[in-house]
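You will see chain A twice below: alongside chain B first, and alongside chain C after that.
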Partner chain A sequence: MANINVKDMIKRFGQTEVITKLNLEIKDQEFVVLLGPSGCGKTTTLRAIAGLEDIQGGEITIDGKAVHDLPVKQRDIAFVFQLFALYPHLSAFNNIAFPLKAAGMPKSDIEKRVFAVAEFLQIKSLLKSMPSALSGGDLQRVSMARALVRDPKALLMDEPMGTLDAKLREELRTELKHLHIETNSTTVYVTHDQVEAMSMGDKIAVMNDGILQQMGNPKEVYDNPSNIFVAQFIGSPVMNVVDCNYATDGDVTHLVLGENNSDKFTLSKNLTQKLKAKNGDSKNLAVGIRAEAVDLKLEPTKGYVKVEVEVIEPLGPFDIVDVKVGDGLVRSSTRSQYVEKSCKHVWIHLNEEKIHFFDTQSGQSLNINAEA
Partner chain B sequence: MAAVVSKNNKLYNQLMVATVLVVTFIMLVPIYWIASTSFKSYNDSVSIPPTVFFEPEMTGVVKVFTKRTILRKDPSPAKLAKSAWYEKIIFKAGEKVLRASAFPSRLWNSIVICVVSTAIALMMGTFAAYAFSRFKIFGKDDWLFFILSQKMLPPMVVIIPIFLMYRTLGLIDSYSGMILIYTAMNLPFAVWLMKGFVDEIPIEYEEAAMIDGYTRFQAFWKIVLPQSVTGMAATSVFCFITAWNEFALALILAPRNVQTAPPFIPSQVGSGIPDWTAIAAGATIFLIPVMIFTFLLRKHLLRGVTFGAIRK
Partner chain C sequence: MASITFENLTKKYDDLTAVNDLNLSVNDGEFYVMLGPTGAGKTTSLRCLSGLDKDYQGSVYIGNSNVTDWSPAHRDVAMVFQQYSLYPHLTVRENLEFPLKSKIRMVPQDEIERRVNYAAATLKIVDLLDRKTDKLSGGEMQRVSIGRAIVRKPKVFLMDEPLSSLDAKLREALRIELKRLQKELGATLIYVTHDQVEAMSMADRVGIIKEGQLIQSDTPHKVYNEPKNTFVAGFVGSPKINFFDGIVENGRLTIKGSPHQFQLESEILEKIRGITGELIIGVRPEDIFLTHEAQEGACEAKVYVIEHMGMENLISFHIDPYHFKAATDSAFEVNANDKIYFRFAQEKLHFFDKNSEENLV
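== the complex of A and B ==
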């Protein structure tokens, strides 16, 4: 296994630059998830690491050795395709044996290796089947076996669960995580599903428009998103991001969300100083707060603001209550059935420790809480 | 599929089967006619109304394989006893066998020229189709149109210039000349047909193979070729039949030793009364190699062998 470094990578298709100066540092044995919406360049990045796309600038190194000019076969990495790409005219056994045959391994060794990896992935009973006779999950397992069978330096996976149904995906997610723990293979995994990214990655690299937005472990990315894009891409329900104003009033800070709003959220005084220090007197300020940090009560409570209930979305374990603040909506998550349908008004409060402030012009986080 | 088949569905199926039977019957009548004529006597072959029931004989078949002359006087009993079965048949028809005809060698020429030219056209077509399908080629669409445009003039229009070129190059009446012209004739179709098939093979297979440690050519050889077997079978049947049936070019470019079967068969008409039994026998025998060729490849002509491993 090995570490992978991508330095200032640039990729163009014709005139369009699809990846701009991308830097990724993937350590040995790490499971890194490339996360982003479709068209953000995550798959292109993966393919560039594999050598399936050439790059127009920058450097890719595997174990310190520059590989971006090497042909695919010399990079010694494995790739799991979204559509599996099992060779349809070969049985599962021969599919798994295919990379070993390329290396000219003796037949008895090939058999040993294939059986070992099949045993490990519990697909021994499938070895004689043709790909067309396999179910989605089994195709996935066989393609994993083909990837793992020759101990590659790194394992690259391009949305390997994209075509599977939700239940199977959850099952395979666990399997894959388990697999990574056992094999400790350096893995780069591409997905647009933030749940998959959060649950599996040691590190998440969030990409948008060919630019790396943030890289960090799931908790960092969730708790300290570096900009509005990351804040809203990660987490479900989506983080509330609302334009805001603030003013000092005695020893508290009043925060006003949205326009045409007279409701003031009362927060601690030193917030004003922090915001002043970071943002000056700029008016381009937005507040970001996750639904679970919006506290909701049914009766008037000190420090809580009275708001109108718009919609209640029951999700099973918890409900999302959309309340009207100013002109906009703010989502709050409550325990199931806490707010009843007949309820017209509730009182909310923002958990100050979990508030994020963003510069609406640059979209960057002001990191108010990160330093506190 | 569905366990319940509605009445309408059943009726529809029966109608379809009936239609297929009728069409098949219409298609097979000419083939039956030519095959049966080759076993008719001369009188049966020209009688009006045509005979449907007749006593089969081998006269036509023997005639196409022999050169004959008119029998001036009946053979003596001693000579009759010595002669072979086919000679007796010809005596009965009032003729005498001089020697074997060139028909077997003409058939052999056809087989050699068609098999080799089909193989070359298929190979070149597959390579070209792969390149057109997978690589960035400057002016790709124009090239493809250019290739197809080679088929646009009928052979009769270009046959005189080709004849002159061939005469200069010494390719008249040679295997290489005939193979060359048939390859050139079939190549545009081979490229276009194979491109359609190669386009359908997802590129991920080759990428997977290259990741697995193979070169692009190995990936082509081990992955793309096995999966385009269906297309190659269809293309080769198409090319083979086109070359096998070609008449005009063969008539002009291969007049003697490497003459193929199509110009040979009508040459049996000769002067005087055309002997349809001999011509029918020649045509029937001429059908057999194509039948065998298509029969051997029938398994691959069925589509759907490669479906299922990539989900779209």
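== the complex of A and C ==
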């Protein structure tokens, strides 16, 4: 397997620049997910790495060797379009052997390679089975074996689970992650589904409009999003991002959310100081806070603000309660049935350690962390 | 608005029974969600109710009227589909006015204006009224489609996967709006989806449908916590509930095929009223507790995969031949192949019959 580096890559279709100076560092054995909405350039990036698209600037290297001018064949990469699309009329063995046969390898070598990869992925007992007789997890193993049998430098996957139903996807993503732990194959995986990205990626590269927004491990992109786009693309329910300002009154500084709002959240001295250092004039400021960091009580509580309940959304393990703050809504996740339907008002508190501040002009995080 | 009743509704296409003896009453002013996999018969049920599908057996009532033989126009239901069927050459306002200008309805002009303005204000599309619909985003188009249903003041709203083609963020926002809107209008609404999150979050009641049959019709809380059978338990909830074969004997629960045993608490034994033998046990990921250290009443397992989901970590482990997935706090860190110890929140275990797969409690 190998390191893949994308450096200052530019891709244009005609006059339109679809990828702007993209930099990606994919380390040997890493599972990197390219995540973003449709049209963000993630598939184009993957295709450029594979050699299916030429690039108009920058370079792509595999193990330090520039490959962007090499044809697909010489890049030694396996492109997996769909993880489960096996040839239905061929046995598992013949499915796995297919790419080797196509390359004209002698029969005895083919057998050796197929048995070796089957042993590795623990599917030797399945080699004679037809795809129709295999479970979803086994199909995935056979597909993986087919991709790995040529011993490629990296696996590239473009929404390989896109067409499958939700429950099967859930099961298979666990399996695929486990397979990655077993095989350690350098993998670049494209998806628009943040759940898939979070669950499988060692690293996630979040893209939007052809620009890399942030690259980091799942915890980093979830806990420290670099801008509003990442903050709201990662995580479900979507992070609350509300325009805000703050004002000091004597000794106490209050945070006011939204417009037409008299609700005031008291800020600690520590956070106030940091906020003033980064955003002295209290302009163009938005607060971001995840639903699980909005604490909610049924009774008046010190430091909590009284708000109106708008909608309760039961999700099973927990409920989301949407409350009115100023003109907008803020979502809080609570224990199931904690807030009853008849409940008109509740009291909320923002967990300071989990508050994010953003500049509403640039969208960038101010990187203020109350904990540190 | 009006209540809705399906009475022994059966709809066949040649050999295929799309809806099989559906009996269901939806209350006046209720947000009812039909939930099920593709091909379960949800959309067909809606089409029979709206009159778009004919030649069905059984009866359909809207309010007190048996509308079984009525034409679609006379049933007074408004449908919203996944594909927004707006007129691209008309403005938003013209699209909204369109259903009111039909000859059957004869709505006076000032009334048309009043209703269009009301719908536009409610859906926050006042600014868009003079725009052509082909200049709108997906979310805006779906708002207009809903607006076109609202202006008609129908007896019943029917929605068929209206949010499916929108991105996740917009879907979340519209989910809330739709629920507020329905309450504000006091509308009777039947909503069809295959997405359990949509169903759970919006519905007053959820009807889970499989192969043309209504399996369970209950509040979201009930279908999640008291599923009627393994299908409902498996369809609702993400990540999915864990199932395993368990043997209940002498007050102990054994994971079949493994040495793992748990002493059942007395309240649980009371709840299952002396049921013993081989059962299917269901346990949701959040009802499995993991620890790094050995604990009284906990069993040992090896970590298979860990998934960092941000809000929580999902940790899979194997107890041959079963897979389990547990949801933990995001601070709980382990690596693949680490040893962990697990136990169940026993009051949250679900007990199903081995053969019928029905909930035994």
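Keep in mind that, in the parts below, the second predicted complex is superposed on the first by the 318 of 372 C-alpha atoms of A that agree within 3 Å, B and C clash if a C-alpha of one lies under 4 Å from a C-alpha of the other, contacts with A are read in each partner's own complex, and residues count from 1 in each chain.
We take it that a residue touches a chain if its C-beta (ideal position, glycine included) is under 8 Å from a C-beta of that chain, and two chains touch if they have at least 3 such contacts.
In this text, all values refer to a predicted model and were calculated from it rather than measured experimentally.
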Practice item. Applying the touch criterion given at the start, work out whether A:R335 contacts chain B, chain C, both or neither, answering first, second, both or neither. Key: neither
Practice item. Check the contacts made with chain A and report whether chain B or chain C touches more of its residues. Key: C
Check your understanding: Which partner does A:H345 contact after superposing on A: first (chain B), second (chain C), both, neither?
Key -> neither
Practice item. Answer with first, second, both or neither: which of chain B and chain C does A:F98 touch in the superposed model? Key: first
Exercise for review: Check whether A:K27 is in contact with chain B, with chain C, with both or with neither, and answer first, second, both or neither.
Suggested key: neither
Practice item. Based on the superposed arrangement, let me know which partner A:L52 touches: chain B (first), chain C (second), both, or neither? Key: first
Review point. Of the partners chain B and chain C, which touch A:P237 in the superposed model: first, second, both, neither?
Key: second
**Study point:** Touched partner set for A:G316, first chain B, second chain C, both or neither
**Key:** second
Check your understanding: chain A touches which residues of chain C in the complex?
Key -> 37-38, 167-169, 172-173, 175-176, 179-180, 195-197, 200-202, 220-221, 224, 234-240, 284, 286, 304-305, 307-311, 314, 316, 323, 325, 327, 330, 336
Practice item. Could you pull out which chain A residues touch chain C in their complex? Key: 37, 165-167, 170-171, 173-174, 177-178, 181, 194-195, 198-200, 217-219, 222-223, 232-238, 290, 292, 310-311, 313-317, 320, 322, 329, 333, 336-337
Study note, to complete from the structure: The residues of chain A that touch chain B in their complex are 50-52, 71-73, 77-79, 81, 83-89, 98-99, 102-103, 130-133, 136, 139, 146, 150, 163
Point to revise | Contact footprint of chain A on chain B as seen in their complex | key: 202, 204-205, 207-215, 218, 223, 226-227, 305-312
